[in-house]
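A quick write-up on the structure given underneath.
Think of it as A, B, C and D in the order they're written, each chain with its own count starting at 1.
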Amino acid sequence: MTGTQRIGIVGGTGYAGAELLRLLSHHPQAEITVVTSRGEAGTPVASAYPQLDGLTDLVFEAPSVETLSRCDVVFFATPHAAAMHDVPALLAAGVRVIDLSADFRLRDPALWARWYNAEHVAPELIERAVYGLPELTGRAAIANADLVACPGCYPTAVLLGFMPLLKAGIVDTERLIADAKTGVSGAGKSLKPGFLYAEMADSFKAYGVAGHRHLPEIEQMLGQMSADKPIGLTFVPHLVPMIRGIHATLYGQLTSNEHDLQALYENAYADEPFVSVLAAGQTPETRHVRATNQCRIAVHRPQDGAQAVVLSTIDNLVKGAAGQAVQNFNLMIGIDETTALTQIAPIP
Amino acid sequence: MTGTQRIGIVGGTGYAGAELLRLLSHHPQAEITVVTSRGEAGTPVASAYPQLDGLTDLVFEAPSVETLSRCDVVFFATPHAAAMHDVPALLAAGVRVIDLSADFRLRDPALWARWYNAEHVAPELIERAVYGLPELTGRAAIANADLVACPGCYPTAVLLGFMPLLKAGIVDTERLIADAKTGVSGAGKSLKPGFLYAEMADSFKAYGVAGHRHLPEIEQMLGQMSADKPIGLTFVPHLVPMIRGIHATLYGQLTSNEHDLQALYENAYADEPFVSVLAAGQTPETRHVRATNQCRIAVHRPQDGAQAVVLSTIDNLVKGAAGQAVQNFNLMIGIDETTALTQIAPIP
Amino acid sequence: MTGTQRIGIVGGTGYAGAELLRLLSHHPQAEITVVTSRGEAGTPVASAYPQLDGLTDLVFEAPSVETLSRCDVVFFATPHAAAMHDVPALLAAGVRVIDLSADFRLRDPALWARWYNAEHVAPELIERAVYGLPELTGRAAIANADLVACPGCYPTAVLLGFMPLLKAGIVDTERLIADAKTGVSGAGKSLKPGFLYAEMADSFKAYGVAGHRHLPEIEQMLGQMSADKPIGLTFVPHLVPMIRGIHATLYGQLTSNEHDLQALYENAYADEPFVSVLAAGQTPETRHVRATNQCRIAVHRPQDGAQAVVLSTIDNLVKGAAGQAVQNFNLMIGIDETTALTQIAPIP
Amino acid sequence: MTGTQRIGIVGGTGYAGAELLRLLSHHPQAEITVVTSRGEAGTPVASAYPQLDGLTDLVFEAPSVETLSRCDVVFFATPHAAAMHDVPALLAAGVRVIDLSADFRLRDPALWARWYNAEHVAPELIERAVYGLPELTGRAAIANADLVACPGCYPTAVLLGFMPLLKAGIVDTERLIADAKTGVSGAGKSLKPGFLYAEMADSFKAYGVAGHRHLPEIEQMLGQMSADKPIGLTFVPHLVPMIRGIHATLYGQLTSNEHDLQALYENAYADEPFVSVLAAGQTPETRHVRATNQCRIAVHRPQDGAQAVVLSTIDNLVKGAAGQAVQNFNLMIGIDETTALTQIAPIP
């Protein structure tokens, strides 16, 4: 176990950055040293985040490799196609990197280029990156990594929901459906009319039906967890008038009738500190994971038919972003995985 | 075409009753004569509905066949297992009945008994009842009916969404999925903790996964529209923190690759005044049908694959209840189907 | 009474513009002829407003005096400092103008310049403009006007709430307080971070405490209705996480103990079609005026003390903007004031 | 400093009870020993509170003095008129009591009887009770108390907001106005139609204008902090469509022009860990105190006039209830006042 780590946060003004600040402010082995923001350089962090008033004297700095090299661990909470420019130099300087963006998630740089409309500038690092979903990837790989690619928010909810079924090999992997719903913070602070309160409140819609960037990421990891069976996934994301939360409703055609799905899920996650399987017949609510790193899952088989229905809920900004990043950080520095992640959801 | 109709509304204090009052108050050929409420008998209607202040002098009356027999047409906006008790006498008295409840929707009284936990007391009238979804049932049958069973809210959205696919016979009818989302007014005014603002706001959940009462109704009508092919439907309803609106996301495995789904849908609904097919690639929002009788539908085929995805939106209280009832009323009395149903959604 | 009017709407893509389209689409004597939008010229109106799908073939045009001169009446639903540039030419061309913006509300151009940070370019027209609050201004003045300055949303709620007290001369006019709350559509479609759903939902705040642009407008009209007594008003606006609605809570120190406030208010508004005074002891809710042109008011005197408390509610986009503009339009063309303004609030 | 305390929570199924469980679950010197609920006796606590899943094995017990006497400290999170029945016996048994209800807040039992429609059954204990607002009452009194009466939610926000003005003696104490707004959790879990999501969302209203139970409590404490000057307070509460949060907008007529209000407030709260005074010109938002024990206050003087405007925000369930109770608990057992109360508001 290592001592206190000097932490850098790149992209400190977005929602994931704010969550990193919230979670790491009380982390016993993290000392936030640098928070960068291109637009807010020179501004006190607490003036952008009144909720941190009195807790930090940090001032946003312009991002630079030089400054970030003073850190032991750097979190990237940036839009895609930013981290990949600085990560090579930071790794070379001995800094460990936890990337919350999409830059190192896809194994295939050509696939990445197609979905993100840009050439990957550090394709040689992709193989070095460990996909930071501890429940799937395993703790050892993450503990030893110096570059962790944190999963997207939808992929986290969908992969944890499908994993027991796919590992057991009892669903038709070519006809999977993920009908996913997210709170609007998933869109970040984008200044688009559609995200205005007056446009979003009291309404519901799907979006990105033709193709969402999380689709290839989910397909890649579903393939990995099913021993490379061919994967066919229909992924339809929706926008819910709520601030946080993802609810993935997953459909899988059962190929075998013999399994006790409830037992399968309970066993699969029996030792996981951040995944709870609900009692048979129950349904999870996103508020019960609000502001926490928990994933709550229920598995159903309506009318005892051939369709398995899995309901998987997370907080998109915590288990779907900053919390999972801190979970990976804990593993990387060899301390209790739940450190600074034991918040209880405020209900109501 | 007939003259002004004397109208009775049974169950005037629920949400569907309130919508009937809103829509019929300005209907040129409806004179609301009786509004009943067991609990509020003697109270002015406008005191329960401040939005009707100054528009009506009606006083809630206790429900009785005698009183209701003064009407030409009676709307039942009651919970299930109420209408079936009074409808026989009203029909015998020459009153035409539009039932918004579930009492006459299912063809099979045994099936009804199983899902509604009660014996049906008027099974002989089931065959006489016409299922009041004009786009499916056809106008003539409704025009001639004296008992119309209005569809449930979910069935309306799901049936209109699936209909072109099923009529064309190009999907696997045994593996249909309806992932449906409703605003909370769908639950009516039930005083249950789960419907309190503090419990429902800023959260999302599924419910009734094991079996929702709209499931047999949807299956029955899907069967009818597909020439009695065997139907397998997985139906998962969800609760959205919004007041009104249903968004059904429908999945159907295509059995043929030849069809232009966009053209199929546009043709199917070209002459329908209350169904709009969105341009290719668009997605409907529930707010655009808020407080209107419209159904807005989009059809997609992600990645040109074998899965058709249909997005169908309605206002659960209008096209899903009171508006559709008025649409049926217009057909029954032989006037323009859109009379009193031309409201434009207030946006934002 | 005149025949059908050719209507122009300038600034058709804002929220007030959308409401004008909603209300005028079914107006029996309005034919919408021109809808302008600098940014959307060439786009079909229905593509910006899906709720108008099938109702209009209009295409947004770039604003120009030439085009607008084809109209009988032009509504300006523009930000401030736009209408004043085109109104002189339109009036000269014989077009009547209903301005929903602030350009012609203040009598004193110097005061206008100070609050709106711009020189007024048509000060000679200010006197010609009639302040379009029919309940205060009187119908005759509006009927004869060719330039009507529609009140702001806050002023409408505050002035209607205070009017009976001030006309009766029974409150201390130098210590008036208006604690006002608005839904977020009051901010229009401004793309500012503070109006994003994720920033506004589930929270409440005041803003503009140091000075809001509606303050001088309210003070001017309070002065007018109180026979030019000195006015001292503290006006604190707040932002409510809801789409529409204004609730003004008004405090006035009573200088006389003799009045029956309930009777005072009931008498003051007995003949007003758009103002309802609630029964003693009741409190209005903004939803009951949602999407309608109604103002609902309650007057209280807690603990029979010297403080009068008035609660005044409107829909900021209807009675506070587009609806009031249509009310003025009806008066100007000599038809029933309530034409096209009889919508009932959809509840819930 | 004392050791770990055995804790009892009476009324564990309400919202304040849930917050006590959330805050005390991670308190280093609290061991929750008994949680009572008349209705849920025998049910596991975690089944009522999924957010506590895995954190507690406690089972709700029926409330009884015998059971509660096993505790060192008992929190009452009950409706009014419950605690007063059991507190005498508990005190006699040496148990210290922190009462979140209204039973011991008012000094005058006759006044209590009038506002709460019941005879007080333990009037002899009223004097022994210490009003648990540490910033007003002082720490020593609370540290030595064995019966603490925690303030109501509105009183907390209003008293902290007015205190510097009243202590300085620079406002007219007979014309104070508190225009207060609360999130709906302030109503608790009451199953009344008005608190249903569909009735409350997207709307705003005042209530209790004629007289709210927090009025005499606020008046009593305002009197105390102003050296017994006569107090005249107009208190108008409103309901905001949000889950948590109180925003009190306070108006006080200044009797002196000499004070720098900003400095007055900053000095008054310079050493308070749970009260923040915002920089001049800023306005607080309830979300920034969400789920925390903070009170954020801004003081304004619009147009440099004679009216002081104070904006005071708290979370009604934390600083307005359970958090303040824990703050008092910390003081009573002689540990750092902020123990277990350092949560950061999750934003957005």
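Quick note on the criterion: a residue touches a chain if its C-beta (ideal position, glycine included) is under 8 Å from a C-beta of that chain, and two chains touch if they have at least 3 such contacts.
These figures come from a predicted structure and were not determined experimentally.
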Exercise. Compared with chain B, which chain's mean CA position is the farthest off?
Worked result: D
Problem set entry | Chain copies touching (chain C, chain D) - same or different residues, decided at half shared | same
For this session: Provide the C-alpha centroid distance between chain B and chain C, rounded to the nearest whole angstrom.
Result: 37
For this session: Could you put a whole-Å number on the gap between the CA centroids of chain A and chain B?
Result: 39
Seminar exercise, completed: chain A and chain C have mean C-alpha positions lying a whole-number Å distance apart equal to 46
Problem set entry | Numbers and ranges of chain B residues touching at least 2 other chains | 15, 183, 185, 198-199, 201-202, 241-244, 284-285, 290, 348
Problem set entry | Residues on chain A engaged by chain D in the complex (per definition of touch) | 15, 18-19, 22, 25-26, 49-55, 185, 201-202, 243-244, 276, 284-285, 288, 290-292, 296, 317, 342-348
For this session: Quick one: which bits of chain C touch chain D in the complex? Just the residue numbers, please.
Result: 175, 177, 179, 181, 183, 198-199, 201-207, 209-211, 232, 234-236, 238, 240-245, 247, 249, 251, 253, 281, 283-287, 290, 298, 300, 302-303, 305, 307, 309, 311, 348
Seminar exercise, completed: So, in the complex, the side of chain D touching chain B is made of residues 15, 183-185, 187, 189, 191-193, 195-202, 241-243
